[in-house]
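What follows is chain A paired twice: with chain B in the first complex and chain C in the second.
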Partner chain A sequence: MTVLSLNTKQKYGSLLAGNAFYEPGDFSSITTVTVGSGGTSSVTFSSIPSTYTHLQIRYISRGLGSANNDTYDIIQFTFNGVAGTSYAWHEMAVDGNTSGAVMAQSGSSAAYVRSWSAGNLSVSGNYGAGVVDILDYANTSKNKTIRMLSGFDNNGNLGGNPLKYYRYGSASANSGLYLSTNAITSITINGIGNLDQYSSFALYGITA
Partner chain B sequence: MAKTYTPIATTTVSGTSTTTVTFSSIPSTYTDLILVSNCGSSTASDLNFELNSNQGDAYSWTAIGSNGSAAYSARYSSQTYSGRLNYLGYQSTNNYSMVNIAHFMNYANTTTYKTILSRSNNASLGTDAIVNLYRSTSAITQIKLLLASNWYFLSGSTFTLYGIKAA
Partner chain C sequence: MAVTFYKIATVTVGSGGVSTIDFTSIPSTYTDLKLVISGRTTNDSGWRDYFMLRYNASSSSIYSRIYTVGYDASTYVSGSASAQSYHTAGVMSANDSTANTFGNCEVYIANYTSSVNKVISMDFIAENNNATAYMLGANAGLWASTAAINQITLYPYNVTPTGNFAQYTTATLYGISKS
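What follows is the complex of A and B.
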């Protein structure tokens, strides 16, 4: 069989007609943001295509500056630029200060869903990490559910200020709810303060 | 969009003499590594890992877990020889395998220390999550899995390493 390219009028023996083979991915990289010198106040993924079933964000990050000023950071996720009270979350995490203690925390009518990372008083070079799954993000019939595994370990070091409740580390499993049936087309990520240089957030799409 | 989540290598244990499983010459071309383990131990043991043959005190971890009746947390600093992929979901001699998924985040980064997120499930004994810190800025090129006291992995234990590449 011979195929004629409509562009070049060239004949090929394959239906690819000179084009590279394309295999739709089950797990595909969409985009990545790595924070540059001086840090940044937020990271935004915009114009997210609705062609996937689920999204996953994989990150390493570290808080920056006096607004963080702790061994840990709270990574905050908002969607479609919606602030206010459209979010709820539950969290099971290591207290990280009191030996053996486990925290169970929650937020309702919240301004974001959250996960954990390392703060600017963590040991030098320490970046916390997280894996965040946003399920059925493009579904226009459901509110959106998010699940997260995240945390940091600070090798037994506290930050220094005895008046603050610093943490040696935490491992955290979180769930989140975004009360909207709109498809998620943008995601904004903040820390307590700025995000430090080399923090990196990668967005992936998963096809069912 | 580029397809990723690529299998790099897989190992299935046979016999009664395999005390370590090593993934070596790991290419630096991915962003994260994901290790999926379904394994058992000849004697109750946690699943430990050694990176780049580093047996110094470069490992520390924070763990949370439950054994079905209580929740726990634990923390260990400056550990020598290895980090840990599970804490409370001990493997054992029974037929309940431990399933573990570990994320080696930005493993090839030569600027930051490495954080490893791990989740374990053991239908008989419990479930847990661990965050490991590996205090090295070297790219991870080798992962060795081992049990306590040179116990051996049960025959049929499987370990698969995947690579994920960010755009």
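What follows is the complex of A and C.
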């Protein structure tokens, strides 16, 4: 069979007509948000297509909170604009100072699921990082469960007087539950305060 | 940019459940394997259930792991297990977990065709709408075999097996290639 290019009028023996072979793969970037100058109060991924099977968020982040706990930031995820009591979360974290892990959990009616990043008093220029996996996000037979790994490092002991919380940094495994069988179409991400400039959140779609 | 992430196969469990999930004839053309599981079993196992893995259908006592786990009322444990005939890969939701809720688990097998022993990372969560009923954690696993992995079998609770993987459980095997 001969294929005629509409652009060049050249004849080819392949349907590729001189174009490179394209294979899309099963891991695709949906969108990325990088926070600009001055920071932002939240980042939202909206109109998430239902054409993938799983979602993954990869981020670096630093908070601008000004409270006593501003040596770290809590990254808070909510879905479909639902606030209130539709979530549960649990956490296993190490703080780089004590052996063993620090366990924490929500009640049964939390307002978000959470992971960690660096805070306003973390070492200047340092950001936390995290990977968030949301499986079967569009499956209407399932509540949505979220698996997260995150952390930040302060390049040694941040010290302070009084000693700062998580002054070495932290590594954390978190689990989350969004009590809804609705497909997830939007994800909103908040910190304790604003998210600092250069914080970046990338949303990926994974096909099964 | 080269594409390096491919789905190899997906299993979605139908009505009635299944006792095992088996990925066979895994091609040797990738570098690493990644297994993603959204799972639930039919056992009443205290709000969560374990699941096991075997490679190449091997029941030899060449599986070992180091684990760190948090569960229930802020309990934290770590430890190791060796000379086992399977990997206790993690936990998923059980029949008595919060309704419609499934565990969220990942198994990563690096260099699965290499001629050295195989190292495997596993991380997992089993959530409930309950402050003190959950489990999450991670394993570093070793399969002391130099054979290329061409089969992965999942079992609920133990390798007998006990119970089934419940309807709507999904398991997807991905191949990851170096560029």
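Keep this in mind: the second predicted complex is superposed on the first by the 161 of 208 C-alpha atoms of A that agree within 3 Å, B and C clash if a C-alpha of one lies under 4 Å from a C-alpha of the other, contacts with A are read in each partner's own complex, and residues count from 1 in each chain.
Heads up, the rule we're going with is that a contact is a pair of C-beta atoms (placed from the backbone, for glycine too) under 8 Å apart; a residue touches a chain by one contact, two chains touch by 3 or more.
Fair warning: this is a prediction, and the values are worked out from it, not measured in the lab.
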Simultaneous placement of chain C and chain B on chain A, clash or fit: clash
Partner chain(s) touched by A:F152 [first = chain B, second = chain C, both, neither]: first
Which partner does A:N174 contact after superposing on A: first (chain B), second (chain C), both, neither? second
For A:G100, is the partner it touches chain B (first), chain C (second), both, or none of the two (neither)? both
Can A:F27 be said to touch chain B (first), chain C (second), both, or neither? both
When the two structures are laid over each other on chain A, which of chain B and chain C touches more residues of chain A? B
After lining up the shared chain so the two structures overlap, which partner does A:Y198 touch, if you call chain B first and chain C second: first, second, both or neither? first
Name the contact category of A:G128: first (chain B only), second (chain C only), both, or neither. first
Could you list which residues of chain A make contact with chain B in one structure and with chain C in the other? 23-27, 92, 100-101, 149, 173
Contact footprint of chain A on chain B as seen in their complex: 1-5, 31-32, 60-64, 71-75, 77-78, 103, 105-106, 109, 111-113, 115-117, 119, 129-133, 135, 137, 164-167
For the complex, which residues does chain C have touching chain A? 3-7, 10, 36, 38, 68-70, 74-76, 98-106, 123-132, 134, 136-138, 168, 170, 172, 174
Chain B partner contacts - residues on chain A that touch it in the complex: 23-32, 58-60, 62, 92-96, 99-102, 118, 123, 125-131, 149-157, 168-173, 198, 200, 202, 204-205
Help me check something: in the complex, which residues belonging to chain A touch chain C? 23-27, 53-54, 88, 90-92, 100-101, 103-109, 133, 135-136, 139, 141-143, 145-147, 149, 173-177, 179, 181, 206-208
